[in-house]
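A single structure is presented below for examination.
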Amino acid sequence: MAAPTTVWLCSMQEFAVILVSSILINNYVLVQFLGLCPFMGVSNKLESAIGMAAATTFVLTLTAMASYMVNALVLEPLGLIYLRTIAFILVIAAVVQFTKMFIEKTSPLLYRVLGVFLPLITTNCAVLGVALQNTSKDLNFTQSSLYGFGAGAGFSLVLILFSAMRERLAAADVPESFKGAAIAMITAGLMSLAFMGFNGLV
Amino acid sequence: MNRTWVTPGGVHPPENKHQSMTQQIGSLPIPDKLVIPLSQHIGAAAAACVEVGQHVLKGQLIAEAAGVVSIPMHAPTSGTISAIEHRPIAHASGMLAPCIEITSDGADSWIEHQGISDYEHTSPEKLLEIVANAGITGMGGAGFPSAVKLNPGRQRPIDTLIINATECEPYITADDSAIRERAGEIVDGIKILSAILGHPHNILIGIEDNKPEAIAALQPHVESTGISIVVFPTKYPSGGEKQLIYILTGKELPAGKLPADLGMVCINIGTTYAIKRAVIDGEPLISRVTTVTGEAVGTQRNYDVLIGTPVSHLLAHNQFDQERCSRVIMGGPMMGFSLPSAEVPVVKTTNCILAPSYAEIPEDEPAQPCIRCGMCAEACPVSLLPQQLFWYAQAQDHDRLEAHNLFDCIECGACSYVCPSNIPLVQYYRSAKGEIRQAHDEKIRSDHARERFEFHKARIEQAEQEKEAKRAARREAAQQAKSATATNGSSGGSSAADIIAAAQARAAAKQASPEDQRAKLERTIAATEQRLQLAEEKLAEAVASNSDKQSVFSAAVENTRQKLEQSKSKLAELAE
Amino acid sequence: MIELISQQPIFAALIAMVGLSILFGGLLGYAAEKFKVEGDPIVEQIDELLPQTQCGQCGFPGCRPYAQSIADGDAINKCPPGGQATINALANLLGVPAPELDQEHGQESEVKTVAYIREDECIGCTKCIQACPVDAILGAAKLMHTVIADECTGCDLCVEPCPVDCIDMLPVEETIADWKWSTPAKPGQMIATDRRGELGSNTVQEDAA
């Protein structure tokens, strides 16, 4: 197990780099193309998009922390690296279930609106992606959590921007064959082109 | 010099005011019939207080104000009330509304009236009463009862009085000509207003710089009165209340608030003149200055028009050319509306009748798709987003419309004016506002219906419960009675006999008076006799048809005969 | 201990996974208790959007039962008095697409109607009073019955029970007070084929050829 000091330490520069990297440069949705399911599915209305963004950020941050701990405290000491994927999925499922119960209690309307997409955060490849990438990059606890939070923030940013655009598209004069998912995909593609422009920033 | 502020947006359409300013304010011959609508204002319609056939004098009260936010109506000329019924009025819907029609007798004789010369020493309440009784309403176009506006209450002290002489809309010159010719009287009116409002610190006349003659006419009268004439650059729509307040004071009126909440009152200059006539000359509001303009009329001029004059009368007197005219508009080219027919009357808020030729105002071009150029947002004086409002109005997205402050739109038409695709934006906003208001009304109605339904359910439930309770109580009582007799009586038979005896005793005790008994017996006898007859008939039938039931029927006949005998003997007993 | 684990990796894996599962299961169980939800407030929100005529055209005995049914997953297009506006509002609330009104349950009427009892023919049987869900009929047994027009929602439930068929549903007249501006035509209808809605035009096709 790593020495206690390096588990928590993270310099300011690293802090900034991690956040900018996970939010903009390597944006999980538009650059790495993970987590597209809720991105397309919940972006019809701004309110539900904000709710989903908050839920996913919450899940991502908690998952990053929990998966780091599981990896560092259970898997690596016991030499069970090959169980990483299963263990992480277990962690993610538990965190998502907890989030679901929390949302059901605090905002039944949001719960109803998110519908099946809330438990589907479990299968959101962005969540598992963050967990696995953290281990592959060999980051410490603080850095992992920051990555998780940054991934969530990037996801939220893109989801909210996209849902605002979709609301305008809903009122606009879209040709019949493009209405609905088609024009949304095209818009997402254009946004992705824009975000690729951040390449090489850091 | 007073500082002025610049409102955002705004447009500069060609003014076209010179055509109607070549002559002084004219007067028209009295029309044969005048139609006075009972609702020319914001608030409850006035209630007619005259009858058909009644003769009225000029200035006589013909309809009373109904409630606080309402104004009375007066006869514009002497004559006879010829009808009180629904007539076409100047409303975009083309619907009819209650009106009083007066057939003029040509004499134009005034009712007795007297004004107050010393208004400075008259109480504000008395002055307000005069203004209210004179039927004065906002003559700039809105039509809000002036007496209500000038009485904001003690919680809202007024420190700024603004007189709106802007007249920013093209073609309209009614206020301009009135100021040029009646400046002295107008300033008297301003002094009266000041007295009503408790002498506010600032009295400002807001006027655009395209009216130099009017400014020059006012200047000598306002010297050393404390009234300031504030001139600002011409722009449409500076004459709106909110816009003028901002231009003159730099203060923005928040949505949903009145100028009185900021300590200000804004009155149109035409209304000011009417208030002067009411207070000093004792005359109610029965005429106003209206501009008749447009290339389709031979003479373009301002007139002193009697309220209730049909628009056709105005047009006929000015060599109206129907062929040349694209449409007749009441109001200006920006905020006016097309009249469905010229047989509608001029009302207290009619500042202009515009009869443009096809060259001036061509037919509507078809609207083209929105190109999202954003010129409408640049033109909006309220800093709204007309493009967004348009898209959401098309999508009927009420939530987003309200979020974009649709109800702050003053419907000035600047956005439609600049739109390169000729989209009638203001029509979309009006329609959307109507739909949202209707949806709110329906929500209130459905909430009310839900309440009544809940109460209905509760009432029925309670009735059921009460019935159940009574039933249970009765069952209890029956149970108790049964158990009581079971413990009291020794054997079943005698106990039954006891009960019967007790009942008979009670009945005997309750015996009715001899008359009632006799009447009852007589009724019984009559009934029994009828039954006997019926039974005998049946018996006869049975005998005739030789049926098996003969014995049954004869037994019944016997029975009935016996009963009859019994009743008769009882009656005989009673008689003794 | 660690020797045991390194010598029997499968055993170790099993212990690790079961251990983790128990840990998380315990946490979730605790959370389930703490965040328990009673009832279903969504029904209230759905009921707010329904027109409250209690007419029963949706197949349910009132608006609240239908709201409950929608919360349980029923279709949202069964309410004719609410019309397309209500369907759209429900769709907006629940985040589902807005279908057309289900014709099986009735048609949306353009004109609002209000019940009227022809008093000459009324026999005072109180059947209509019992039928009215908002108590909008005034009257008593063997006395005249009359409809309070302001309270009547036009639900039609009183017409059936009347034994002498003396109730009419009269349309409410539109007055200047409730007149409103109509929506202008869609922009872009410049050429005749656009206005007629033909192929290749800007308008939505009813049936694609």
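Labels A, B and C are assigned to the chains in the order they are written; within every chain, residues are numbered from 1.
Following the convention adopted for this analysis, a contact is a pair of C-beta atoms (placed from the backbone, for glycine too) under 8 Å apart; a residue touches a chain by one contact, two chains touch by 3 or more.
The structure displayed is predicted, hence computed values, not measured ones.
More C-beta pairs touch across one of A-C and A-B than the other; that pair is A-C. The most distant chain from chain C is A, comparing centres defined as mean Cα coordinates. We define each chain's centre as the mean of its Cα atoms; on that basis chain B and chain C are separated by 32 Å. Once the centre of each chain is set as its mean CA position, chain A and chain C turn out to be 36 Å apart. With each centre defined as the average position of its C-alpha atoms, the distance from chain A to chain B rounds to 56 Å.
In chain C, the residues that reach two or more other chains under the touch definition are 92, 188, 202.
Annotation for chain B: residues touching 2 or more other chains are 369-370, 394. Chain contacts: chain A has residues 173 touching two or more partner chains. If you check the complex, the residues on chain B that touch chain C are 91-93, 95, 97, 366-370, 393-394, 396, 399, 421, 423-424, 427-428, 430-432, 434-435, 437-439, 442, 445-447, 449-450, 452-453, 455-456, 459. On the chain A side of its complex with chain B, the touching residues are 167-168, 170-173.
Against chain B, in their complex, chain C makes its touches with residues 47, 50-54, 62-63, 85, 88, 92, 132-136, 151, 153, 175-176, 178-190, 202. Listed in rising order, the residues of chain A touching chain C in the complex are 44-45, 48, 70, 74-75, 77-80, 83, 86-87, 90-91, 94, 97-98, 101-102, 104-105, 108-109, 112-113, 115, 173, 176. If you check the complex, the residues on chain B that touch chain A are 369-370, 391-392, 394-395, 397, 400.
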